[in-house]
Each structure stands twice: as C-alpha cells, then as structure tokens.
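Each of the next two complexes has subunit A plus one other chain: subunit B in the first, subunit C in the second.
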Partner chain A sequence: MSNRIVETRTVRTFGPPRRDRAQMTNIALLALLLVAAIALPYLGASGFMVSLASTILIAATLASSVNFLAGNGGMVSLGHAGIAAASAYGAGWASRQGLDPGMQVLVALGMTLLASCLYGLLSMRTSGIYFLMVTLAVGMLIYGLAFRLSSVTGGENGISGIARFEWLDSYWIYYYFVLGVFVLATAALWIVSNSPFGASLRGIRDSESRMRSLGYSVRSYKLGAFMISGSVAGLAGLLSVWHTHFVSPSSAGVDRSVHLIVMVILGGIGTLLGPLIGAAVVVMVENLLSSYVDRWPTLLGLIFILVILFARAGIAGSAGKLFRRLRARSKAASSPEGDAPGGAAAPPGDRHAVHQGKDPQ
Partner chain B sequence: MTSMKTRGRRSALAAAGIAAITALALTACAPPGASEPAPSAGSNGEDGGALKVGFISPTTGNFAVAGQEMVDGWNLYWDINGAEVEGITIETIVEDDAGNPETSLTKAKKLVEQDEVDFIVGPLIANTALAVAAYTASVDVPNLHPVAASDDLTQRAANDLTVRTGSMGGSQANYPGGEWAATEGGYDTAVTLCADYAFGWESCAGFVQGFTQNGGEVLEQIWFPNTTTDFSTYVSQIQAAGADVVYVATAGGAPGPNFLNAYLGLGLDMDDLLLNCCAADQGTLRAMGDQIVGLKSVSYWAEGRDSEAVAEFIDAYGEFADGKVPGAYVAGGYMTASLVASVLAERGLVTGEDLVSAITEYTFEDSIFGRVSWDDYNQMVGPVYVREVTAGDDGNFYNTPIATFEDVDQWLGRSPEDALAQPTYSQSFQGLE
Partner chain C sequence: MPEPVFLAQQVLNGLSFGALLFLLASGLTLVFGLMRIVNMAHGAFYMLGGYIGVVIATLTGNLLVAVIAAIVAVGVTAFLVEVVLLRFVRGQEMPEVLLTIGVSFVIADLCLAFFGGDPQNLPNSVRIPGALAIGDLVYPWYRIFVIGLAVAIGVALALVQSRTRVGAIVRAGVDDREIISAMGVNIRWVFTGMFVVGAALAAIGGTIGAGMQSILPGVQNEVLLYALVVIIIGGLGSVAGAAVGSVLIGLIDAFAKAWIPELAYFTIFLPMALVLVFRPTGLFGKAA
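Entry: the complex of A and B
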C-alpha cells in the first residue's frame, strides 16, 4: 500500500502531463464556460448582473492567488486581502494625488511588489500554522496602517472617486477586461503549477526536508511562489478598486482574507476552476441571496459545513472525482485496472486524497 | 490511437469555436443593455404618485442591532401614518450590506439599476455611506443619510444629491458640549477619552474646540481601540490627569457601559463626566439603570424632551418594541421618514435633485429633534442638547435636556472655506492651533 502511494505521487508529480480524454473534456468544458462568459452581456443580462459577474471574476482572481500557494505549496495564507488592499491603496493614493490611471498602475504595481516581498521574506522560513500566523500578522499590519495613516489613506473613510482608464469606462467593456485578466492570470498560474518550478513546490509541500537534502533552496522557492501569488493578488486589488472606485480599510480586513480561504476550500484546493466556483457561490450568497434571505450568513456557513463534511475536495474537486468514479465503474468490466485518475481540473486535489489514504481506487 | 485523432480534431474545433466567438464579440456592437441610459431618478415620476425607496442597512454582522434600529425607525413612521402622502405611495425595499462597503455598493447598484428606486436611504457605517454617496451621485440618484456621522459626507465629499437627514456630524454634535462645559458647566480643565478611529477623532475634535474656544484648557487626550472591554487602565490615566471634567466619546454598544462600570467602580465622581451621544444611548441606560441617574451627555437627540412630536414617537415605538425607549438610530430612521413625508406633503411628488433641494430648502419646525433646517452642504442645522439621565414613571430612563444650543451648524465657528481647508481630524490634528 505505502509502496503504491509513493509511486503514484512520484509519477504524477514529476512525470510528463498525462494527455487523456479527461483532459480533453476539461478543455472543452473550459472553452464552453469561456464562451458563456463572453456571451453573458449579449444574453440580456442587466448592467447590474454584468457588474456582479465582474465582482465574481475579481474575487476569483484573488482566490486563485491564494489557491496557487495553498494547492502547490501547501501554504495557506490568511493575509492575501492585505496584498490586494496594498495595491488598491497604491492606486487610490495615486488618484488622490491627481495622477492618471497609467501612473496608478505603476504605483499599484510598486505597492504590490513591496507588500508581497514583505510577506514573502517574513514567511519563507515558516510552514503550516506558523505560515498562517505570519501572513495573518502582516495582513493585520496593513489593515492597521490603512486605518491609522489617515493623512495618506483617508483612515476609516477610505478613498473614493478613483477613476479607471476612459476606454474602460463602460461597464461591459470593463467586464471583458476583467474576464481577460482573469483568464490570463489563471492560465499563467496553471503554467507555473505545471512547470518544474511548480513540481518543486509540490515537493516542498510534501516533504521539506527531502527537498532540502536534494539541494533545493526551499526558502527561495517559497519566496518566489509568494511573489508570483502576490502579483496576481495585487492585480485583483487594482481590478477591484477600478470596479468600485473606492477603497477602505475593510478591504484589508481579516474577514476578507477568511472569505478568500472559504472560496478556495468551497471550490476545491488546488483545482483550476475551484476559485471561480467558490467565488461565485460566496459572492452570490452575499449579494443576491441576501436580498431574499435574512439569515444569509448562516446559509453560507451551512454550505461551507456541508462541503467540508461531504465533499472534502471542494465542489470542483468532488465533481471531478465523481465523474472519474462513474467512468471507472463503467470501464471496470472491460479493463480490470481501471483508468488512472488525473486530468487538468484536479491534479493536486487528487494527491491530497492519496495523501490522506482516501483514494477511491 | 484513434482517440488521438479525435482529440486533435476536437481541440481544433474548440480552438475554432473560441476564435469565432471572440471575433463575434469584437466585431459586434455593445450588448443590448449598454445602449440604454442608466435608469435615472424620476423614471417613476410619470405614473402619478409612487415613490420607490431603496433602504440599505447592515441588518446582519457586527452592526446588526444599530442597522435594524435604523430600519425600524423608518418603517415605524409609515406604519403609524400610512405609507401614503397626498396620494403618493411609498414603497420600501430593504437591503442588507453587513457593514461591508463592497456589498453596500453592489446593493446600491442593484437598487438603482434593477429595482429603479427613486432614492436611496442609508447605509449606516461611515465608509459604506461615503462609498454609496459617491456612486449614487454619479447616477443622479438622491441619497438620504439617517445615521452616518462622518463629517466628510457633507463637507469634503458633499454633493448635490447627498443629504444628511437624521443625524449630525461627529464634530458638530459635540462642539456645543465643549462650549457648555467651559461656560455653564464651569469647568476650567478637561481630559478626553475617545474611540481611536474617525468617529472618535471627530467627536473629540468637536468637544476640544468648543472647550478651548470658550477659555477651557485640555490637559490630556486619551484614545482607546474600539474593541476595548476593560477600561480600568484608561480610568487610572484619567484620574492621574486630574482635570475638572472628563469627556468620553464611544461609537455606541458595549464600550459605554464598560467604561461607566470601570469609572464608577473606582469611586470616581459621575458629576464630572460628560459623555457623547452614543456612550449614553438607550442601550447604556438600560444596562446601567438607577446608578447613572444624573449622568450628563451631549447629543442632537433627547428622548426626554417635552414635545408633542417626541411623545408621539416614543409612544409608537414603545408599542412596537415592548415598552423600550428609542435611541438615536431609531430616531434617525424615523426623522428621515417624517422629513420625506413633510416635504412630499408640501411640494408634491419631487424626485432626483429636486427632492434634495426640496429637503434642504425646507425648515422642519416641529421635528423630533426640534427646529431644523439645512445648510448649503446639505447638512442639518439644528439644536444640540446637553442632557441628564432621569428616571421616568414608566420604569424607563430618559436623557432629558438641561441646556439647549439652537441652530448649531457643522463649521464649529469657522467659515466653510476655512473649515474645509483644514486636514481631516485625527489623533494628531484636533482643529487646535
């Protein structure tokens, strides 16, 4: 048994990506989803719905950055809202100084790199719960600065009236812009995850001491991973501040970071589409369902508990698992070996299952 | 190997599909919804006599109690007077924002674009209020604020569509408190203890400016984080400062009773204490009971004031809430509703910017706050009361006015231009030279 676990893990981590039908279905599914997303404004969705879709995509971009660290590096960050907020405040400050959106981008980028570097340097020596605490602490630091430095950040009142580029002014053009950024960011994270760098990260996740003894510089890998994840988070922060034209300390709050982790876990840690699914569920409960249900926070909690209890791998992960189990069952008659689990949608989720000894096969 | 072929074909197909759709999206014109102008206020104006109101308030989360009270005040007025004024029916859609600015904005968008409301009331928390006010102004929808106390809402962020209808800014409501302490109160020196965030900074700034402008001297200013539960160290600091009067500003909720318990527990004299609106609100009075009869505070809302409008409001709320006395949040909601009703009764159906100018040109003679009017920045100008806790015959406790400052404006004795040229208030800047 233990033999098999080691073997499966090694093969899947370091082996060439498997190209099988599951992956094709995944790509087809993704294409379909993309087409639906592109068609959305043309299907009679109101301006409000399209702008809500932008909100979901922005939240999904931010959740993807958390997902990248958690899925590949096993590093669960409780402070990513702080990075996004640093970027948003950069843009906000630039806008308050009367700078144009181009300069906002530069300042936001600078703030993002600064914040990610700070997070990365402080957390690269830690893992597990200590990593969680360090990121939480830095997140609180950013929240505190946003709250206290009122001459720069506007204090609790925040900064309003932050304008985006004129050519992005219309809500539907902005939606396409956000969609494009989301697709590019997701693709970039996916490519990095499937590169040797991603494989080394997963190696560190599984056994830090082994990777160190193999000669890998674990700290630099962790710092690098944080910088990549932080850049995506900063991008999401800029998108969000252009979407709402407003930033306040609550965007750096702990509850925002917790929401991100809820999104990632709901969707499925380490899955490609998990963050999008999780973000869609959370944002829709928060903004749509709350109009009809008074106790919507309870409902969100209930969904979370159900997913944890019955679908440990999250919505995307479990759907993939279910799909493969069904297929394996139908195939069982013809080939006794069954089909190896895999596919683009849920590789790391699967490894978790293996790790926990819960692989259905 | 056949699967490989199919795969190749499929991916080619998928790629072609994506390319085709993208091309379509790029060449096609804007989506059908984009060409429509944003539904502006007044879209309901033609069908003769219906006003759709969007009400945003945090009815869940940390501010749920205050948020619910604000909604209750608004609904209470329409319940007892009927949701119809001169043939104009009022329909309210309540949305919960959980005190989160992003949700607040989404809800405001929903109310404006989907429900096509004529104006928006709320939200409650300062940053949500500022975010929503900026958005509603950009789509020409009026925004009425029953409670939000941020000074900037009617100062640096003021616009023609935002009006504060049921409360005063933090500095405005406490400025007369400083004036009273230095003159009638007869205190020469003061120490302040305020919540360490925007509302506390503004409240304290109001008090210390009123106090020093009338000859008082502020010995020390102490700040506490909003989450403080144990005030004993702060009380020791107050004791050490040795001032004649202690001014305390909290944002409502638990800090008020917690502070009083620590203060009275150390045997300090309640007569030297002056609280702000929220430290001595109904929640504190209910929690502390008999031991704080005689406690002084300063606010624009005085439930113990002898007035027909106040009596009617208190009776109605008592019936609605099991004999409780309404606090400032309920009063803000009720005040906003009664103001809208009065303006509609006088001017008929007005929407958009006309509604806001109708409100700001109006003088509300017999409101529950007293005689109030509005300034050029759409902020309430009205009475501020120095109040004392008294025990009522019904077993409730009331803040009863002992001194009244009429027509208090938001400029603290400056010209609007001078006031706006100052930095915003903070720990380090309290408006003193």
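Entry: the complex of A and C
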C-alpha cells in the first residue's frame, strides 16, 4: 500500500529553457544529416549503397513508430513488425490481383488500420510487461497467418514481383521518396509527441492511476497512440514492399520485431535521432558485417545486452548526455556562478531512459 | 473410423501436448511469480535443453542420462545469466525482460552454429516402445509417459510449494520480498535458485518434447509463444493456472488440428483474447 505513495513520481514540467538549446542542436544535426542524405547519390555512392540507405531509412521509419510508443507511452511493443507486414501483405495481395499501385496503397492502408486496431484493442487494457506479451502474441498471430494462409499469402514463398508506381522506378528516385516519407513521418511523430496528446501519454506512462483519477480516459489514449504508431509502421511496411518487390513471413517474425526493439534501445529510446542511428547500426551489422562474421545474430544480441547493462540511454541519449556534461563543465569553468547546476539536474536524456517504474495499478 | 476412438485419440493428443506445455509454462510462471520477470529466454532454454538431450541420448542411448545432462547444461547457463546479467538490473522490469530477449538471441544463434539447422528428434531407441491398445484405440506409450511425467512434476511442485520450508520461503517472497529478507533469508539466492529451477523445467521439456516434436531453429519462439498464451490464460505466477491453461490449450490445439487444420494456429489465440478482455489477470491470477 505504502508503495503507491512512495512510487508516484513528480510530474515533469515540459519545456525548461535548456531543452530549447538541446532541440536547436538536434535540429541543426538533423539538417546536417538531411543534407548528407540528399547528397548521397551525388557523392558517387553505388546503387548498392543507395539501396542500403533506403533499407536503413525504411527500418528507421518503422523503428520510430516503436520509439513513439515506447518513449512517450512506456509501451514497448514486441509485435510491430506484424503491423508493417500486414500492410506489406495488403499491398502484395493487391499486386497479385493485378491492381495498380494506387489500389495497393488503399489495401495496405486498410490492412494497417485493421492490424493496428487488433493490436490496440487487445493491448489497451494492459501495461508494461503484459503489453509486451500481448503485442508479441498478436505479432506471432500475424506471422502464423502469413505462413499458413498460403492461398492468400503464398505461404513460405511469400509474394514477389510487387510493382511500385512507374515514376518511382529508378532506385535513386525511390531513395528520395523514402527519405521524404521518413522525414515527414519523423516530423509528424515529433509534433504529436510535443502536443498535449503527447504530454498526456507521458503522464500515463509515469502514473496511470493518477491520470485516470484526473479524468483521463487512459484506454482511449493508449488506443490512439497505438493507432498513430501503427499508421507509421504500416507506411514503413508499404515502403519496404516497394523497395524489395517482395514480402515473406519472416518480415512479420518475432526476430524482426526484436530487431526493432534493439534499434530503438541502441539508438536511444525517446530521442529524435535514436531510431535512425539504431536502424543504421543494425542494418549495417545485418548487411555488411554478415559477410565477415557468420554469427552476427550473436553479435547483435551481445551488443544489445551491453547497451541495456551499460548505456541504457542508447547512443543518441548517451551522446546527448555527454554533450551536456561537457558544456556544463566548460560553462562552470568560465563562470563559476553559472545558472546551470552542472550535472546535478536530471539530464533530459534520462526522461526517456527505458521506463523502469512499476506503475501502481 | 468410429467416432469415440477418434475423440479419445484427440483427447490424448491434447493431453500429451498439454503436458509438454505444462513443463514449459510452469517454469515460466514460477519465475514470474517470484521475480516478476517474464523470461523471454525460456524458449531458448527449451531449445538448448532439447538439442543437448538429443545429442546425449544418441550417444548414450539412455533417456534419463540425457535429461540430466540437459538439466545440468541449461541450469548452468541459467545460473550464469542470472548472476552475471540479471542481478545488475534487479527490480527494473523492462530492462530485465529486454536482457532475456538478448540472451535468447545469443543462445538460439549459438545453437544454430553448433547443432545446425536440421530438425532433430530423440532417437527411437530411447523412447518407450510400443503402444497402448484398447479396442480400436492405439496410442503410443511414450506420449502417455509424457502425461504421467507432467502430472508427477506438477504434483511435486505443488507439494514443495505448500509443504516445505523452501516452498514457504518462495511463497513469502512472492508476497513480500522485504519481510522475507529481513527475516534472514538471502532472497538473491532464492531468486537465482528459482531462475535455475525454471530453466531446468524448460530443459526437461526440451528433451522430453524432442520425442514428440522436432527441435529446430525457430522452435524457441514457437514454444515461448505457446507458454505465454498458457500463462496469460492461467494467470501469471500461478502453477495451478499453468496446469489448467496447458490442458485447455493442448485440447483446443489438438481438436483444431484435426478439424480445421488451416486455422489451428489461431484457435489458441481465441481463448487468450477472451481471457484478456473479460479477466485481464488470467483465470487464476491475482489482481496486479
């Protein structure tokens, strides 16, 4: 009983002055990355490199949808690959029926909404570990459907030869298209995170019971968050099916969903750049290192374990923390009575660390 | 084929698969009950136990030796995972679970490296030969043995939990860790012991299960899924719930496979969804 009182956290206020500066750095960094990304095909990168960059961006889009849920809602989904796969299979099925890419988009959209609804409805009553297990189970359900309903999904062989719009045919135009979608999706998720809706989600993450007693409909918020995240995941599914012209059951598998979690945690949960960084690392390990190291899943697993043990804020989060500490130190050196109390204040990166609190139900 | 024989056959199929599920789910639910960890490496422990069991059984031709070897190997692995990794994040729900996901990744990949990708089964020589025959009903003794083993282990677990000092400590630990450690019990080692026992149950399941279904890459996810469904239905942390959930899912799965094979996989999710909607804590679960 007493836990309830002890464990409730102080509500964090949003938008302290220092956060603006962190955001400025973030935006500057993003702009720099964007310029680099736009320049990539002009820098003499091979078709393979551009295609690899597309893969990373698609994975990053999917990872950012997981990141949105986990960072703001404390809801770590272990089945997000299933949503992307549902969308991909929707497009694949439409393509197999001989429908044009415009219809593919519609069918994929429908499948995405259906899958997100299913996930959301089953999981909105749960939180923490229960949420994780339910999303895992639904993800496995979609994997099973993809695998066994072979009359629709092609079973183990999947569906191949899925066409995209003709104007997207060239690989570098497609790369720019993927880049554009990634930027838009990231911006949209960022805007939602920083809206009152996002603040309420974080409130629910930190104390569900308090938000409920304040009159918030916790379940509707969770369902809403899932639908938003699911839409982005579905978009990523469509992008991936257009990228490889192929979809198979493994795209819905647990391993794939786990990869997404690895990306998010590796990059830094709740950070803006985290999903991109994480996706880049994982996709590189998967695609480049795998030609040298046979046991790359072991390697990936070990990296994941080490990050959780020693760098829970992930790469982006840890880098941000380091950056702030360095600046606080230099500031303290130049003006000893500076306003910022150095590292004493909780660095903003911490707010996004893997949600550890046991929510008092 | 006469209908009653078919029914009896499916019931036995369901019960024997349920027995295997119970071996899996009881370990998972015990670990959750005391430590609040959903051990995502449980399926990998099953897989490792299965591979080692098959290898040892093929070498020695003795099922008991195989089971013991599997228990020892998996037990040591689980001990290391608990002491080297999990202790550092004790009490932090999400990192604990994520760590076990990483462990599962590593174990499954190393199994693939050592044992290859081919499906492996217990050699026929160590399986109990012959079949039970009652009228038209013919049923392999091995599967009946699996049912008996699961019942024996279930009863043993219940007795240990309710009658012994160790069981009392574990029950007390579930309710109030602080008090039990204040009374001089080293709860850390109780946790470690529990984690190893849970893994050992998975190892038994893996070896015995290799006589019913193949051990192959990917099986870790499949069995983990079944075990999760069982303990979600039964209620996390409840051994009785695991027993009821196992039998329920085993029977549903057997009949679905016989009657609607294309949809068999999905029928196990229906009871889970119903339970989640109407009783989110599971049939035997306590309110969180």
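The working rule: the second predicted complex is superposed on the first by the 313 of 361 C-alpha atoms of A that agree within 3 Å, B and C clash if a C-alpha of one lies under 4 Å from a C-alpha of the other, contacts with A are read in each partner's own complex, and residues count from 1 in each chain.
Assume a contact is a pair of C-beta atoms (placed from the backbone, for glycine too) under 8 Å apart; a residue touches a chain by one contact, two chains touch by 3 or more.
Fair warning: this is a prediction, and the values are worked out from it, not measured in the lab.
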item: Superposition on subunit A - do subunit B and subunit C clash or fit; value: clash
item: Which of subunit B and subunit C A:V152 touches, first, second, both or neither; value: neither
item: First (subunit B), second (subunit C), both or neither touched by A:M227; value: neither
item: Contacts of A:V76 with subunit B and subunit C, given as first, second, both or neither; value: second
item: First (subunit B), second (subunit C), both or neither touched by A:V258; value: second
item: Partner chain(s) touched by A:M103 [first = subunit B, second = subunit C, both, neither]; value: neither
item: Touched partner set for A:I305, first subunit B, second subunit C, both or neither; value: second
item: Contacts of A:G161 with subunit B and subunit C, given as first, second, both or neither; value: first
item: First (subunit B), second (subunit C), both or neither touched by A:L179; value: neither
item: Touching partner for A:S290 - first (subunit B), second (subunit C), both, neither; value: first
item: From 97-105, 259-267 or 403-411, the subunit B stretch with C-alpha clashes against subunit C; value: 259-267
item: Doubly contacted subunit A residues - partners subunit C and subunit B; value: 294-295, 297
item: Subunit A to subunit C touching residues, read off their complex; value: 76, 122, 125-126, 128-130, 132-134, 136-138, 140-141, 144-145, 148-149, 253-255, 258, 261, 265, 294-295, 297-298, 300-302, 304-305, 308-309, 312, 354-356, 358, 361
item: Subunit A residues touching subunit B - in the complex, by the definition given at the top; value: 19, 21, 24, 27-28, 31, 34-35, 38-39, 41-42, 44-48, 50-52, 55, 147, 150-151, 154-158, 160-161, 170-172, 176, 240, 244-246, 248-251, 286-287, 290-291, 294-297
item: Residues of subunit B defined as touching subunit A within the complex; value: 3, 7, 10-11, 14, 17-18, 21-22, 25, 28, 30-34, 38, 59-61, 95-96, 98-103, 105-107, 109-110, 113-114, 126-127, 130-131, 134-135, 150, 152, 157, 197-199, 201, 423-424, 426
item: Footprint of subunit A on subunit C - complex, ascending; value: 36, 38, 85, 88-89, 92-95, 97-99, 101-106, 108-110, 113, 221, 225, 228-229, 232, 262, 265-266, 269, 272-273, 276-277, 280, 287-288
